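Which chain is which? They are A, B and C, in the order written, and residues in each are numbered from 1.
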Amino acid sequence: MRKGWRFILVLLLALMVAVAAAGCSGQKPAGNSQSGEKPAAGEQAKDEKFKVAFIYVGPVGDAGWTWAHDQGRKYLAEKLPWVDANTYMESVPEGADAERVLTELAEKGNKVIFATSFGYMDYVIKVAEKYPDVVFLHCSGYKTAKNVGTYFGAMEEPRYLSGMVAGKMTQSNILGYVAAHPIPEVIRGINAFTLGARSVNPNVKVKVVWTNTWYDPAAEKQAALRLLDAGADVIAQHQDTPGPQQAAQERGKYGIGYNSDMRQFAPNANLTSPIWNWGPYYVKTVEAVKNGTWKSEDYYGTMKDGIVDLGPFSDKVPQEVRDLVNQKKQEIIDGKFYVFQGPIKDQSGKVRVPEGQKMSHEDVLGFNWFVEGVEGEIPK
Amino acid sequence: MVGSSLPGPAPAPLFTWEKRLEPSRVMAVIVPVIAVILALGVGAIFLAATGFNPLKVYQSMLYGVIGSKYGLSETVVKAIPLMLAGLGVSVAFRMLLWNIGAEGQFYMGAFGASFVALTFPNLPAYIMLPAMFVAGIAMGGLWAVLPALPKARWGVNEVITTLMLNYVAILWVDYQVYGPWKDPKGFNFPLTAPFSKAAILPTIAGTRIHLGLIFALLAAIMLTIILWRTRWGYEIRVIGESPRAARYAGIKIERNIILVMLLSGALAGLAGMSEVAGITHRLQHGISPGYGYTAIIIAWLAKLHPATIILVSFLFSGLIVGGYSVQTSGVPAATVSMLQGAILFFVLGGEILTRYRLHFGRKEGK
Amino acid sequence: MVVPLVEMRGITKVFPGVVANDGVNLSVQAGEIHALLGENGAGKSTLMSILTGLYRPDGGEIYIDGQRANFRSPRDAIAAGIGMVHQHFRLVAPFTVTENVALGLKGGLKLNLNKLAGEIAALSKEYGLQVDPQARIWQLSVGEQQRVEIIKLLYRHARVLILDEPTAVLTPQEARDLYQTLKKMAARGCAVIFITHKLQEVMDAADTITILRGGKTVATVKKSETNEKELARMMVGREILWQVNKPAPRKGDKVLEIKDLKALNDKGLPALRGINLAVYAGEILGIAGVAGNGQRELAEVIAGLRPSQGGTITVAGQELGQCDPCRVINAGVGYIPEDRLGMGLVPNLGAVDNLLLKEYRHPRWGKILLNRRAARQWARELVERFQVKMAGLDAPVKMMSGGNLQRLLLAREISTRPRLLVAVYPARGLDVGATETVHRLLLEQRAAGTAILLISEDLEELFRLADRIAVMYEGEIMGLVATEEASVEEVGLMMAGAKRMEVSA
């Protein structure tokens, strides 16, 4: 029996090599994009298209982070008919696999590759070195190269606004925050949310629980339930699924979503959600690359640019709160209000940003401390 | 049960059954072929039903695995940890020790190697790499001996203990990368600082294939020699085939439980070491996407035979690597997982079928 | 003449290679307790399996109340009022007594457990079967569980009750209670059949006795018209061939000495209750006894595979420590275990590996690496010398016939030139030729000065080979006789535990 199996394995391997050899020799003259293409009629036209690919950390159906990026991809495909944006890779782990997937996408003739999670950073830099003609855009990182740009948005602005909503709606004055990884992006959001909440309700405390995962519906929900047990009556989140919102709904409490409008997942709980709107940025960037005007940059879009926004309010939110929030939103867009302006105290009560000063963009990007009112620890 | 009160040879009905079924040796070859074809067939129906051209999908899968030098090299890269962990569990399985803990031993091996690399970053490569090698093996081995001791002393079920220790090992590594070993420049992301150049395994130029491949091949050769050419290997085989006969022959089973688990864990630890030193060049959260568990399937499918484990590891690696490639033809990740599941199901199912028929066939052949 | 309740005529049942029943007749009247007496393998269990519909006979007829019966399954037998209490109870441990009785009852889905419990209580009172209907099976003693099995049969209105070695698991007190119950049942018109090989039990409880031997009916006798001695003779009394074509023993030094040896069986119950034995070089000491009386445990303790609870074992003046097979092997003890394939040999390994089993530590094969080529050559020689037939030196030994397996096993154990050879049922299941070979090899060893401890159930074998015969019964040596002075009746009586003899030999 063992012999039989070994024989078959050898046979299979031989078969694979044979097919590959045939594939290689037959394919070389045809050009570098071979597999997965539709045959015949469409081929010519398609090959001329400008290929753009995306790699995602979660599945496109996560209803959160990856879904929002995928909406952007669809928007891109719709707005720019000369772009082939059909290629995306889901659920790519932020590890050794990412390097292969990026290489493969570059190998397949994609001109622009969007890598939409922080953990892809080093692999993007590594692969980009080998493919200088391909433009890589890495979301939420901090390393750039000649053909690598980063992009992100001032999520702190809608976070601040959502904090105001939560601060107004809470009864217990305890807000819960389900947070993914203790990295500056997340810390920044927690701080903005807390500042927003305390601007309308100085007694509010924000309890933080780390899940150490971006995408894990069960773990996220569990973390939210723990916060609810601890007395929180509004659950905010920096997670990729609506799990925490559903937890709030189960307990008859409120929730603030993230990434996309999450009202449909927890209609009785969700108040509003800070949301991403990547589409316009993707269109702008791909056009720039095509036109040869693209340069490596750290793009950090704001609410004014439209890349971030506060999603629609649920009907649970009273008109006076909406008015208050909308007024502040206008101030932000008009540049009259900046989220991280002094005075800001840290958890110990020490003033970290004096009155009248603003935090620098670098400091905001590297946030590694909590503002006053946050209950929780950043693992050191 | 029916014949249990009778003297004489085995129950009769099986014999007659056996006679009617007389599978030739050809069956042993045909059944796996049919299994693969069936798997691909069912996968094709599924793909077609969800609106994809199965041929295109299979083509892109195959192309991703072996269609280019890069794809081929990546298949090798992915196979390395599978081979080492697979060889590791196979020795334990051969002695009927159900070491489900290769995953944890992998993590501890990675931890041990990282400990050396991070604590003494200035060592020269010729000291650094051997030290990491030893540390990886030692930690992996230690992690397997931990459940081996209660098993040998009190017969504590090793399935439970090895499995549980997986979680401990994963959380221990998590603790390190979220805590003390976190890269200060890593913006709080769960990664250690990158290793120094000296702590990186040499690779074949232009690919990510690293020295771990040699480790795996040598380990397979070494295991073959141990099992079939040494006194120790003889003891392992006798215990595995019949613990009662082993006891009867005066073989020290308890001592062998510990030694074999040590070897088993050391190999899985070596897989972890070569993964951090060869691929990631740092320790990080989620360093193994379940290599230790896949290794169990590989070991079984290969009938615990070292050379076959090397081959089957390539097959599995191809399945994983090809799975990502398929996504480029627009197939969602979930569909890819189902396809992989279907292939595994049929191959494993077919394998069992072969074994049973052949089992009868051999007796018949005599 | 009264029509018997059960009559079996000319029952024949053949299993591959074994004729288990060969024209067996059995006739049981209502109201009597009928003992089915015979050695292990005499065909008692097979006969009862046929009566309960588990097996179908290859020949013969069964009549119940004079009506021809044809049982296609146990269900048919139960419907005809035949029930059996097996040696291993068929009860569901987590269920209560009532629930166990209810299992398998006909009558749709409706189940009135309270009513049933009341009926059980009434039955148990009537027959003196004390048991709490609400108790769960796992809480009950073995004796109580047996009562539950009996109640199950009574509740199903069984008229023929079959009990397979019912007292094997009982204390003497429980056994006496059981006899009372059986008598009550017989008094109410049931027929009770119990399978046994213990004479004591027969004399205590039975009215009529049918003796089976080698698959055939020897006789059916009334208890009042027979005695233990006659029964023993009928049970074991083959025509013993007294042809002792073996040389007189050249009795040498004392090789094995066992003093006051005690040990437990797998269930933790005493299996050896103070054994004293000595075996001398150049002699064969036979151990007779019905299987399950401590022989296996005795062999295992000597081989170092089972811890002793007291006493000492000395081989050639060297005391063997506690449970260390390696030390026993080094002391020069060869061991042919009862379980050839599984303990004595490794089924999936080839002949070379199997021959190496006790030999591989020897430095001549190399310190770390095993010199396979030398081992193979050595194995080939042994195989030729002992005329073991096989497909190849590396083919799994499980494919070999029983006789060849035993030759291979003997080849290994003898090739090490042991001081002491312990052989347990060495010829069991072998055909005449293979048996002959095994006997020849054992006698050769005896001639070569090896001390041999031969454990066997086969009196013919013992009388032919052994110089002295010790009889084991319930963990004790009932007596020790020199073969030429012994009679089959005497040994048979001791095997059945009927008589304790003090014979010095």
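Going forward, contacts are C-beta pairs under 8 Å (C-beta built on N, C-alpha and C of every residue); 3 or more make two chains touch, one makes a residue touch a chain.
Small disclaimer: the values here were computed from a predicted structure and weren't measured.
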item: Chain-level touch network, classified as line, ring, star, complete or other; value: line
item: Chain pair, B-C or A-B, that carries the greater number of C-beta contacts; value: A-B
item: Intercentroid distance (Cα basis), chain C paired with chain A, Å; value: 75
item: Distance from the mean Cα position of chain C to that of chain B, given in whole angstrom; value: 46
item: Approximate Å spacing (C-alpha centroids) for the pair chain A, chain B; value: 34
item: Contacting residues of chain B [partner chain A, same complex]; value: 25, 28-29, 32-33, 36, 56-57, 59-60, 62-68, 70-72, 74, 77, 174, 178-179, 182, 187-190, 208, 275, 279-280, 284-287, 289, 301-303, 305, 307-308, 311-312, 314-315, 318, 321, 324-325, 327-330, 332-334, 351, 354-355, 358-359
item: In the complex, chain A residues that touch chain B; value: 1-13, 16-17, 19-20, 23-24, 34-37, 53, 59-60, 86-97, 99-101, 103-105, 107-108, 118-119, 142, 181-184, 187, 212, 366, 368, 378-380
item: Chain B residues touching chain C - in the complex, by the definition given at the top; value: 2-3, 5-9, 12, 15, 225, 228-235, 237-238, 241-242, 244-245, 247-250, 252, 362-363, 366
item: Of all residues in chain C, those that touch chain B in their complex; value: 15-18, 20, 41, 45-46, 49, 54-55, 303-305, 324-329, 335, 337, 339, 342-349, 353, 356-358, 360-361, 365-370, 372, 391, 395, 399, 402, 428-429
